[in-house]
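Going by the order they are written in, the chains are A, B and C; count residues from 1 in each one.
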Amino acid sequence: MLPLLGAALSGLLAFLAGIFEDSESNAGSASNPNSQVQLAPQIGHRHRYFNKAISGEPPANALWVTTAATVAVLLSVRLEAMGTLYSVILSSVIGALVSALLLGLYGILAHISRIASMRTFRQPLYWDAIFSALPLGISFGFLTAFSLTLLSFTAGMMLNNPFSVPLIALLLGITIGSIGSATGDIHYGAERLYQHYMFGSGIPIAKQGDIDIKGEYGYRNSVDTPYFTLRFGAMVTAFAFGLLIFLDSLSRVFDFAGVWTSVIVELGIILIIFIVTVRLEKYTRDKYGPFMR
Amino acid sequence: MEPVTAFFAIILGGVLVGICVHFIPASATGAMSAATGIATGPSMLSAGAGMAGLLSASYSIDSGLSVVLASGATASALMVALTILSGNIANAFGTGVPPASGQTASGQSITGKSTKDAISGWDQKPYISPGTDGHGMPVQTNFSGLIGAFIGGTGGALVLFAVYTLLVPILRQDAAFTISGFIAGGVFLINCVLPAYTLVGKTEGMFDQKIRKTPKTLVSCFIVSSVIAMIIYIAAVVIQ
Amino acid sequence: MSTDMKKEFTSQELYFIALVPGIIAILMVKFYHPVTPIAVILIWPAFLSGANAVRSVARYGLGTGTASIGYWGTAVGATIAFISQFINPAYNFVSPYFEILSALIVGAVTGICAQRIIKMKIPVMIRDSAILASSTAIIAMFLLGMLTEYSASVTTVDAYITYPLIYIATTLAILHPFNGSMGAGENQRRTLRLSAVEASMTTALFGLIALLFSEALFFTGISVIIVSAAGFVIFVKRWFSAVKEDTYEFAWTGYPPAEH
């Protein structure tokens, strides 16, 4: 019973973490689409985006999550008298707060420094572009760190992973960062930043940097971005990461072939996913047809 | 596993990690649906897949080498398979483009002048948005990505198991688990950046012309892994 | 750290001012732990040296992100620092020289591979790869020493749970100054000043970790946080004065010019 419960809980936490992670990166224009925001002033689009660019998503998320998890582990030892569950949850909140503070500091430093490097292209530094988007990014970062810290504790305590909790957090942080930048970013980079281009086409390399700087009303700032990407991009990220953690945990619940059970189950799942991906490709090819001008 | 075998296992693991990066399709401009491959840098994506593999391999570390290797490989492949599926969903419904290989469409892939997908046989050329280098992950890159993830996950798990066998005699068991996990992660991160130098930030996997440059990566990773393995071996075995 | 000179520092100069104080700082925490707050100041140049190495390598367009070169360098330095933690205590005298030299060798070997086998044609590849890896080894050895050397007998949790944080926090502090300042107007002065800000942020974080890590490190943790906070205030002021010179225009709010 406990492994199944652990698998379900970790799946849920991973799903939530996926949503928050993608929203956090989009609220700060982090990761790959950042190059577009960076290019925009060079072709004459002075923008009001929050250009956070702390680093690629994997190391950045790994830092938030590992900070939260390390502080949480050290604190939970101190708070042991409160009982395991309470001490874990309370110390995870405090750990996530520390990492949110760190995220805020790195975010401010990164934005100001990047805009300062845009002097040649006459890009002004708008203070409200930072300070309206920053709390949103910090809160999403807090939620990411919190859910992943709880997920690391779940893996370490309920699923009996032999690694220590901060190491699990580091591995999970790098994994969620690479999934987030590989899936959710497409919705931000190819659709949200280029909404004035027609739907149904990749962004030609010659057009890169020609981003949409007008919003639903007025000029667009980064607060508007998660509002858009939460509906699809964040969900796709959550789908990938949540399913990865859930299926990986679930494959260890069964036992029909001894130690090889999880490997056999995962191979079956990979085959199914491969078939689904091929069918999806066939569907899009039939449905959309060849490219038409 | 004997200490000397473990020494060679660390080198082999490092080389496998290096090779895996060549097989996993990745390109940063994929995030703008402007290039074929998973929408992030090759080394970043391989690192993510490798870490997922290490996490999964750690569960079965007491069940013997073959199970550890298989768990690492399948978990990495599961991560890449899910990322490819989700990336294609994001391309199909977020951007509205079908997956298509840019290099195959321009007749420059390793299969020759054919513009058809090497596995499914579907023509790639008409589906490319003009001005882009393809988008999404068509069947051939998907297949190649899975192979790459299997190789990389095996390499990561091999390093994990080898370092673990070196550390178990000299440390407490829980410390040995975590430290070997960390060192395996470190060896993975060191080796997955070298191929990125060869790939210059973009690859379509094993049907890309850049696969021909794999020997360069192989030699580089072999040299670097040997030095690292020697340092681990000196610290864990020689001066004990 | 007089970073306001007009001419650029070379990597070797920065590495030299990182290496000597870095080794002194490591030996200080190793043999006389109460001076840790002073040693923290001596370790900051190592962050500058690492950030400068990332800058000089990444400026050439590596074909991989700045983030990748940052985590590669720290992976070399930190992994070797952690490997050294399980060598027999009887050989303790080889530390930290063994780690710093090993990191230098691995970095140089990687640089040679990139230069000779992959043929990258980046003139500074070998030198700066070695400096990058070695600087991160200095930082990792210092942070490890700060947390473990003194408290080993009185701690309630094991030191190895902090390894991941040491690794990833160093990574970000090394790669972020260049990555965060990237753009046409990037210059070494501002990048290094940003690096100093982030170095003090990172040591403050480890002050907090030390505080929580062991009862015996309570005062060490508090004093490290205070020293780092003081450094943070000073460095932020210096960095912001550079930003004021470099930025085109400050505005509280407004519309981008010429497009409405």
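To be clear about the criterion, contacts are C-beta pairs under 8 Å (C-beta built on N, C-alpha and C of every residue); 3 or more make two chains touch, one makes a residue touch a chain.
In UniProt terms the chains read A = Tetrahydromethanopterin S-methyltransferase subunit E; B = Tetrahydromethanopterin S-methyltransferase subunit D; C = Tetrahydromethanopterin S-methyltransferase subunit C.
Everything quoted here is computed from the prediction, not taken from an experiment.
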Most widely separated chain from subunit B, with each centre as the mean of CA atoms: C
Two chains joined by the most C-beta pairs in contact, as defined above: A-B
Computed distance of Cα centres, subunit C from subunit A, in Å: 26
Centre distance in Å when subunit B and subunit C are each reduced to the mean of their C-alpha atoms: 28
Averaged-CA centre spacing for the pair subunit B and subunit A, given as whole angstrom: 20
Residues of subunit A touching at least two other chains: 56, 58, 164, 167, 170
In subunit C, residues with contacts to at least two other chains: 65, 67-68, 71, 158, 160-161, 163-164, 167
Per-residue overlap in subunit B, given as positions that touch at least 2 other chains: 28, 41, 44, 47, 174, 178, 182, 185
Interfacial residue positions of subunit C with respect to subunit A in the complex: 65-68, 70-71, 156-158, 160-165, 167-169, 171-172, 175-176, 179-186, 190, 194, 197-198, 201, 205, 208-209, 212-213, 239-240, 242-243, 246-259
Residues of subunit A that touch subunit B when the two form their complex: 31-33, 35-36, 56-58, 155, 159-164, 167-168, 170-172, 174-175, 177-179, 181-191, 193-194, 199-208, 232-233, 236-237, 239-240, 243-244, 247-248, 252, 259-260, 262-263, 266-267, 269-270, 273-274, 276-278, 280-281, 283-285, 288, 290-291, 293
Subunit B-touching residues of subunit C, taken from the complex the two chains share: 62-65, 67-69, 71-72, 75-76, 78-80, 82-88, 91, 94, 102, 105-106, 109-110, 113-114, 117-118, 120, 158, 160-161, 163-164, 167
Interface residues, subunit A side, partner subunit C - complex: 38, 42, 44-48, 53-56, 58-60, 62-63, 66-67, 70-71, 73-75, 77-78, 98, 102, 105-106, 109-110, 112-129, 164-167, 169-170, 173, 213, 219
Residue numbers on subunit B that touch subunit C, as the complex places them: 28, 41-44, 47, 167, 170-171, 174-175, 178-179, 182-183, 185-187, 189-190, 193-194, 196-201, 216-217, 219-220, 223-224, 227-228, 231-232, 235-236, 239-240
